[in-house]
Amino acid sequence: MTQHVLTARQFNKRQLKQLFAKADRMRVVLQSPLLRHKLVDEHRGLVVATLFYEPSTRTRLSFESAAQRLGIGVVSTENASEYSSATKGETLEDTIRTVASYADAIVLRHKEEGAAEQAAAVSLAPIINAGDGKGEHPTQGLLDLYTIQREKGRLDNLHIVIGGDLAHGRTARSLAQMLGLYKGNKITFVSVPALQIGDDITAYLDQQKTTYTKTDNLIEAVKTADVIYWTRLQKERVSNPGIEAGFVIDQEVLDAMKNDAVILHPLPRTNEIHSDVDTDPRAAYFRQVENGLYIRMALLDSVLHGRAS
Amino acid sequence: MTQHVLTARQFNKRQLKQLFAKADRMRVVLQSPLLRHKLVDEHRGLVVATLFYEPSTRTRLSFESAAQRLGIGVVSTENASEYSSATKGETLEDTIRTVASYADAIVLRHKEEGAAEQAAAVSLAPIINAGDGKGEHPTQGLLDLYTIQREKGRLDNLHIVIGGDLAHGRTARSLAQMLGLYKGNKITFVSVPALQIGDDITAYLDQQKTTYTKTDNLIEAVKTADVIYWTRLQKERVSNPGIEAGFVIDQEVLDAMKNDAVILHPLPRTNEIHSDVDTDPRAAYFRQVENGLYIRMALLDSVLHGRAS
Amino acid sequence: MTQHVLTARQFNKRQLKQLFAKADRMRVVLQSPLLRHKLVDEHRGLVVATLFYEPSTRTRLSFESAAQRLGIGVVSTENASEYSSATKGETLEDTIRTVASYADAIVLRHKEEGAAEQAAAVSLAPIINAGDGKGEHPTQGLLDLYTIQREKGRLDNLHIVIGGDLAHGRTARSLAQMLGLYKGNKITFVSVPALQIGDDITAYLDQQKTTYTKTDNLIEAVKTADVIYWTRLQKERVSNPGIEAGFVIDQEVLDAMKNDAVILHPLPRTNEIHSDVDTDPRAAYFRQVENGLYIRMALLDSVLHGRAS
């Protein structure tokens, strides 16, 4: 059976543990020329296609670097929408069947929710969902969780502050769900009421018996936090721009934070985290970016397992 | 002498046989990690440029995958027209000389007929024509012929139905010519009179003593066919849309076909082949796509023979 | 300390000599499958990012070919300006930090002067400046100088004619400066008064005790020249188009030149060098293009020295 990566929710705790252990090994391998050469040699001759129906250079570069560090060749397009469907009326299914003839795996980015599942239904090559519209973006969720594991050494019994536009932010919603897998976590959702976390997520957390609160008091929330997961509070969605004040990570927030707390952000950021914060050792968002490379290497290595030698 | 691939017609029967045998070997090599690694090792350090003056993602991905499966690096542009000629007035010849300094072979796609020959006249690196406007698209012709060889075990004494827009379709015209190389073939051209095959092709077939007929009766034609090569009947070229009816491959056509006949299509398709047909074992068009990979691997391997070790 | 390549002026004579010797070795390596395989094996698993905020296909392909001939993987974008800053307001610094997590070196092309230095200030990976607006384009300067070394066997005691739009031409200005490093050179700047070389360059040459003259008499200038470095005289910058006459390299100029003189041009050219000149052995501009590959291989190999094995 072909092994697709369609949503972060498809992984159970055991699988996440294995994936994160493999990501840890990738980190070690890249530090050693000898191990790196061995890894590359195993995958040589394999090819991954990055099929992007909308540009997302950050995500694409991360996957393409992951592939090449494994020794896998890459064929790529950021204009897939001009390639087939739009221009000549080809269905996504036909395009996927075609690209699956050229590549051992397909990293798919699409504007429409459900596109990755639609692709997986016909593809002989594994599909890795690199974001399908308002749907899923599993590798972001996995690298967020992996970063918490790396930074805090555990995924349970943590107090996590999740802030920003929680009503629309895919990454924040996804992280909240994944934290519900682990025991003893407490989540504080920080936002203005209009952009607070959806009832579907809190219902899920109730079911998982994960404690949570909602607040608009950032300073109070961070005082006991182990992890602060920050996202953009999109200006165009906030009627009164004045309310943005108080939702910026700056020196005042750093002062209120515990010494061993860490700040995550899916990036790109604009001004919701001051650049002064970057030099604080608790700022983990660039380490988080690097973790994305290891997670994507681990995923590609896993789905191509049967093809490498 | 530099070995260019400019037109499918440059190959004689002996060379086609060799090329198809090499494509067969590529198929076998890709199934074996050991053989695949050996192949890659021979080509490492070589570089192919895909220089596309118009986007053709399907063709580009196929060539780039072929190169990388051989262990050859790829440098690529789909915006070559913005790169030089258009922007700064550089001639195609200067661009080719430049790119030939960077790459061991150049895969060229151009809007204008004759561009590949123009490039070959100055290039120190082999030029592979990936389509030059209304001119040639040799790898498509080669993979079509190779697919017939694979599916039917021979290239002679076949009844081939070729249908769709035969007046403008480059691939249909090219296939008809190539079939004329082999003895005992009978071709039935299926189209509306306005889009029937050109007199230049039929004159050539007369000269080759290849039997052919023209008809607009698809069902009758397929009853004795060994191969059905189907292409798009472009709507904008047909005055009365009603005549399109009867030029769709569907269950009725499948029912009329022989059990060992096969259906080919250069893709992309729109609705001229029903998706219901895909699951019929006689639908060979996705196997045809895969064959394109092996043919392109075989061609790249051949033109780079002197450069690999 | 991370080793960036920001300007050609950062290299002293000893470093230039080493770099050119390494470029010579790259030329030899590419001729030998055995040596080429060894080179590739050393770098496998490494990745370079080509981050282009404006398209420059020629420069990008040259760097990407250099990387792949070394066995280094490439991740690439020509639309970096649409990627981050423009679309979501990310700073160049954040983008660089991100890409430096994915790649072992970053080749950066930017519209704005100083961008490469700005990137180097935050990057953990070496930055190679591939042109920053009106600023620097060090690899062009280095390959120009390397070509003179290759063609003439020395970099001192030469008479070099530099012509075209010297007021705006970055490459002409840069070459004049670099020639000032070496003893006994004489430079003749050929242009119309409005487009003559700037006072900043002549002041520098005075300081370096490099002899120079300015003239608009091309034929007289080339009679004793060892090297003729020609660039475009951009029409839109010349008020009277008639003055362009006399600034074209053609048969008349070839007749006036010494037998062992050579003609260089950074390319692309339009009509300022007649295509008839191309077959003259003194036309060195396509050899110069090829030298660019070796110089870029040598640079990439140098900055990645600590990462390869």
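Chains here go by letter, A, B and C, matching the order in which they are written, and residues are numbered from 1 within each.
To be clear about the criterion, contacts are C-beta pairs under 8 Å (C-beta built on N, C-alpha and C of every residue); 3 or more make two chains touch, one makes a residue touch a chain.
The structure displayed is predicted, hence computed values, not measured ones.
Enquirer: Over half shared or under half: which fits the residue numbers at the contact of copies subunit A and subunit C, same or different?
Expert: Subunit A vs subunit C: different; shared/all numbers falls short of half.
Enquirer: What rotation angle, rounded to the nearest 5 degrees, superposes the C-alpha atoms of subunit B onto those of its identical copy subunit C?
Expert: 120
Enquirer: Using the average of all C-alpha atoms in each chain as its centre, how far is it in Å between subunit A and subunit C?
Expert: Chain centroid spacing, subunit A to subunit C, equals 40 Å.
Enquirer: By residue number and range, which residues of subunit B touch two or more other chains?
Expert: 41, 74 - these are the residues of subunit B that touch more than one other chain.
Enquirer: Residues of subunit C touching subunit A in their complex?
Expert: So the residues of subunit C touching subunit A come out as 41, 44-45, 47, 49, 73-75, 77, 79-80, 82-84, 88-91, 93-95, 97-99, 101-103, 308-309.
Enquirer: Taking the touch rule as given, give the residues of subunit A at its contact with subunit C in the complex, in rising order.
Expert: Touch list, subunit A to subunit C: 30, 33-34, 36-37, 39-41, 55, 57-58, 60-62, 64-65, 68-69, 71, 74, 78, 267-270, 275, 286, 289-290, 292-293.
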